[in-house]
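Below are two complexes that have chain A in common, paired first with chain B and then with chain C.
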Partner chain A sequence: MTRWLIPLVLFGALLVFLARGLNLDPREVPSPLIDRPAPAFAMPTLADPARVVRREELLGKVWLLNVWASWCGPCRTEHPQWLKLAQRQPAVTLIGLNYKDERDAATAWLQDLGNPYTDSLFDPQGQLGLDYGVYGVPETFVVDRDGIVRFKHVGPLTHAVVREQIEPVLKRLGA
Partner chain B sequence: MKRTLLLCAWLVALAAAAQTVPVPSNDAALDAHVQALAAQLRCVVCQNESVADSQAPLAADLREQIRRQLREGRSDEQIRSYMTERYGDFVLYEPPLSNRTLMLWFGPALMLAIGGVALLRLLRVRKRLPDEAFDPDSTF
Partner chain C sequence: MIPTLGHGALMLALLIALAQAALGLAGAARANERWMAWMRPLTATQALLVLMAFVALATSFVRHDFSVYYVAAHSNSHLPLAYRLAAVWGGHEGSLLLWVLMLVGWMLAVAWRSRGLPLVFVARVLAVMSLLSAGFVLFMLATSNPFERLLPPVREGSDLNPLLQDPGMVLHPPMLYMGYVGFSVAFSFALAALMGGKLDAAWARWTRPWTIAAWVFLTLGIALGSAWAYNELGWGGWWFWDPVENASFMPWLAGTALVHSLAVSEKRGAFKAWTLLLALLAFSLSLLGTFLVRSGVLSSVHAFATDPKRGLFILVFLALVIGGSLALYAVRAGAVGLGQRFGNLSRESALLLNNLLLVVATGSVLLGTLYPLFLDALGLGKVSVGPPYFDSVFRWLMAPLLLLLGAGPLLRWKDDAFSTLVRRLRWPMASGLLVLASAWLFGGAASAWSCTGYALAGWVLGGVIEDLLSWRANWRQLTRAQWGMWLAHTGVAAFVLGVTTVQTHESSRDLRMQAGDTVALAGYDFRFVDAAAIAGPNYAAARGRVEVSRAGQPVTTLWPEKRVYRVQRNPMTEAAIDSNPVRDLYVSLGELLPDGSWTVRVQHKPLVIWIWLGCLIMALGGALAASDRRYQRRQGRP
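And now, the complex of A and B:
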């Protein structure tokens, strides 16, 4: 009996490992920022180079950080979701992070497609992007009232991501 | 002969064109240091390449970051933790030893030990079998 049982158990364990391996996404880089303070910043905005937005100003608010660029195709795809989200969640502050872009191109992009953001931070060198561990635009972070990152999504937002992932997090954070 | 020469010339031209343009720098030691450190980091957008080898813009940014921080006198360890604070242990080709990575570090040795024990036991059982057991013609 055990003669068959041992290989069977081993085979079963192998299956479990293989199934798990197949279902992991090797492109997904888990963010070390989850449940840690959002990196500090003092960045000029896209609309007005003289206006600086600091992380501290956002304490006490639930806010979303969306990394976008006018050169980024998937950003265009997800953009309608942001316009809808801005309407559906007026209490949530939407901060854009305009990543490695040119001011003129980015401004024109927002004029064309609509501007859902309270402010867009202008980061032409990608320095703040580096601090947030950005590796694929678009990326979205949810930050709570204490300035702690609670959620990160890499890739374009879809209706399903907004409804099933982002909004439940917002609800939990009391936004 | 002429054709061979022509072919050679063509290949040389091709190789020259394929060579990447090196970033001008007059500090070979710093270049080597950046390269050595970047080779220990996994590029997050092109995952089968190191930050040193990758042509991705993000990898170039990270190399630039390493260079700047080395110039500022930061240690290798400080730069590695700068990277892991942003991209997690994921960027390290050699993840640190922790509860989560125990199997990663010791799994192969464990498997080898299990295999070794199994083999020894099997051999011991076989040693006690009569010679006929190993006779291909016998119906043991």
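And now, the complex of A and C:
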């Protein structure tokens, strides 16, 4: 009798998640990285494998790290926000982290949709993603002049997130 | 007037469905033949009412009745007639109506083709299906009424989503839904068997053609969807592991497992409880897919109708239907027994392994699809897992499955000797090596995975050939079921060949082109002649002219477009594709740059068409198997 119950029990557990999923909204999450130094890196860029961007080069600037990939549906959704942000905040350096992607597909994606990033780091194996504790794509980090992570957002950016959360943080950091 | 009639027909259909469910279940419980005799006429009535509602909605579209909210939201007076009809299922409410229409269609087919089955059984099956139909009609009437009026009516509709204005989209949802809903037949058969407490070879023989038929539709539906994405999304990809796609792929995997486990239940009386569970699973996954797509819990590239408010209804419905059937399973599955024993090396053990791999594959798709939802439920935000996960998991599951596919059908039922199997594997071996060698000759196989893909495609084909040859002395005795199986397996080989070749050898160039520029790719020269403004019925477009030649000889002229639909204003990339059995040439226009040049993407995709032809061959094989004489003989007559 017990073993015939297994499917029902599994389904019950699934149902709990589905029910919670209905009522929940994506929100910013406390990350262990907040108020800590952004993990160091020296990564080749998407556009030019020979060029390497290091975290140290970015010290003294306020910069955003956006984890994206050409295979990621939500990234497509948030992309217009990035194009707008690049226009509205020319002083802020936007670094893309192209996560577990292929160079051709990623390059084509940027050509199709426009490229808001100062540079995109190319991370086909997802190693840097691991350092930054990426749950999934997209994610966004705000890093201050001293290289300290000040803000993190999981999931696609929306107009509201940019206006009410990211831009106030940028203002506070004096960008 | 007409929308009101449609609305009324739906309400009546709900009443009939509820009455029919009650009458059928009570009649079967009390063995009351008079009550049960009502099941067939009531089915016909229900089907007629739903058809009336559907025709009413279609008429509203044809007549541009913008006093119907759904029509105003999904049509436009400039929308061509074919797309106005396709728009009937272009949104949430209409898709549900189509879903219910399919369901009553399947009910009608069961009522009509089941004269040879015990009346108690038929009554239970039709009662369960009526309950499902009642649930969906109630869902429509309560939260998503397609006939909701818009008073005063608007002058002009807001047009159909341009993504859906494609011939593939006209056929894709009906096929897909026929498959989804078709699994409700196996589901109801399983519940009827559980209620009756009896499952024998006859049950498996009744269930099998219905299951295969549903599987055929689902296969075609998924293939059409993939072809649609390839043609219409303009990126040249054919599968994105998008939640909407996964929602259709999960029931397909479970249904494929079911088709195979039914074979064991029919031939050997084994796997009984397991077959029942798969029958419940296949349809439950169809329902779950509906929930995921329609409730808006997952974000997706092409979810075109999402509304969290409706989620709750589907969730409760899901809990009742799936929870209820699994509870019945928990109570009664012990009674149907486990069935015959079999040896370690036998057709049964191969099919058991096949089922195991397919179910694990289903589970991994479910996990990958729901992982973002789990994170969301735990408060961690909406994210996408995407192809890196699915690609790496699927390779490891599909490679052993294909290995099994070549060898399994060569094994005998009950028990087989290892030495016999090794001898019979010579053909698959030779054929695998041959395909691999020719792949090397023609262009090289770049990676270990592409070698594996080529070898396995040949291996599967070799298995079919070996099996076919072993019948050469008495090929007259061959049944359609056998031909069907071989055809379907050949389709798998064609599919694997297509996928492997595209993955290994496709090439593309992205560049900015001025009028007159030429780019060379894979031996072809693409000359961008110019781009001109043109006007379509409900859009304006820039149409590029790209002349393709090979070694100086003209091959074709391609006309990629960048369209802007007048009402919805979003730009659409309309790729131009020149397709033949050996390769596709795929050209899409990107953006017009300030200096008058265009960003253009040209792609060369060898053997890509075999991905869909492979699916088509699989579906043909299924259709052939479902039409086998032994199903006709025992079911058709009173």
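In this text, the second predicted complex is superposed on the first by the 146 of 175 C-alpha atoms of A that agree within 3 Å, B and C clash if a C-alpha of one lies under 4 Å from a C-alpha of the other, contacts with A are read in each partner's own complex, and residues count from 1 in each chain.
The criterion applied here is as follows: a residue touches a chain if its C-beta (ideal position, glycine included) is under 8 Å from a C-beta of that chain, and two chains touch if they have at least 3 such contacts.
All figures in this text were calculated on a predicted structure; none of them were measured in a lab.
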| item | value |
| --- | --- |
| Touching partner for A:P74 - first (chain B), second (chain C), both, neither | second |
| Which superposed partner A:L130 touches (first chain B, second chain C, both, neither) | first |
| Touched partner set for A:R20, first chain B, second chain C, both or neither | second |
| Between chain B and chain C, more extensive residue contact with chain A | C |
| First, second, both or neither for A:P138, with chain B first and chain C second | second |
| Doubly contacted residues of chain A, that is, touched by chain B and again by chain C | 26-27, 29, 100, 126, 135-136 |
| In the complex, chain C residues that touch chain A | 235, 240-242, 273, 277, 280-281, 284, 291, 295, 297, 299-301, 308, 311-312, 315, 318-319, 322-323, 326-327, 329-331, 333-334, 370-377, 379-388, 508, 510, 573, 590-591, 599, 601 |
| Complex contacts: residues of chain B adjacent to chain A | 44-45, 47, 57-58, 61-62, 65, 84-90 |
| Footprint of chain C on chain A - complex, ascending | 1, 4-5, 7-8, 11-12, 14-15, 17-22, 24, 26-29, 69, 71-77, 100, 104, 107-108, 111-112, 126, 135-139, 153-156 |
| Contacting residues of chain A [partner chain B, same complex] | 26-27, 29-33, 100, 126, 130-133, 135-136 |
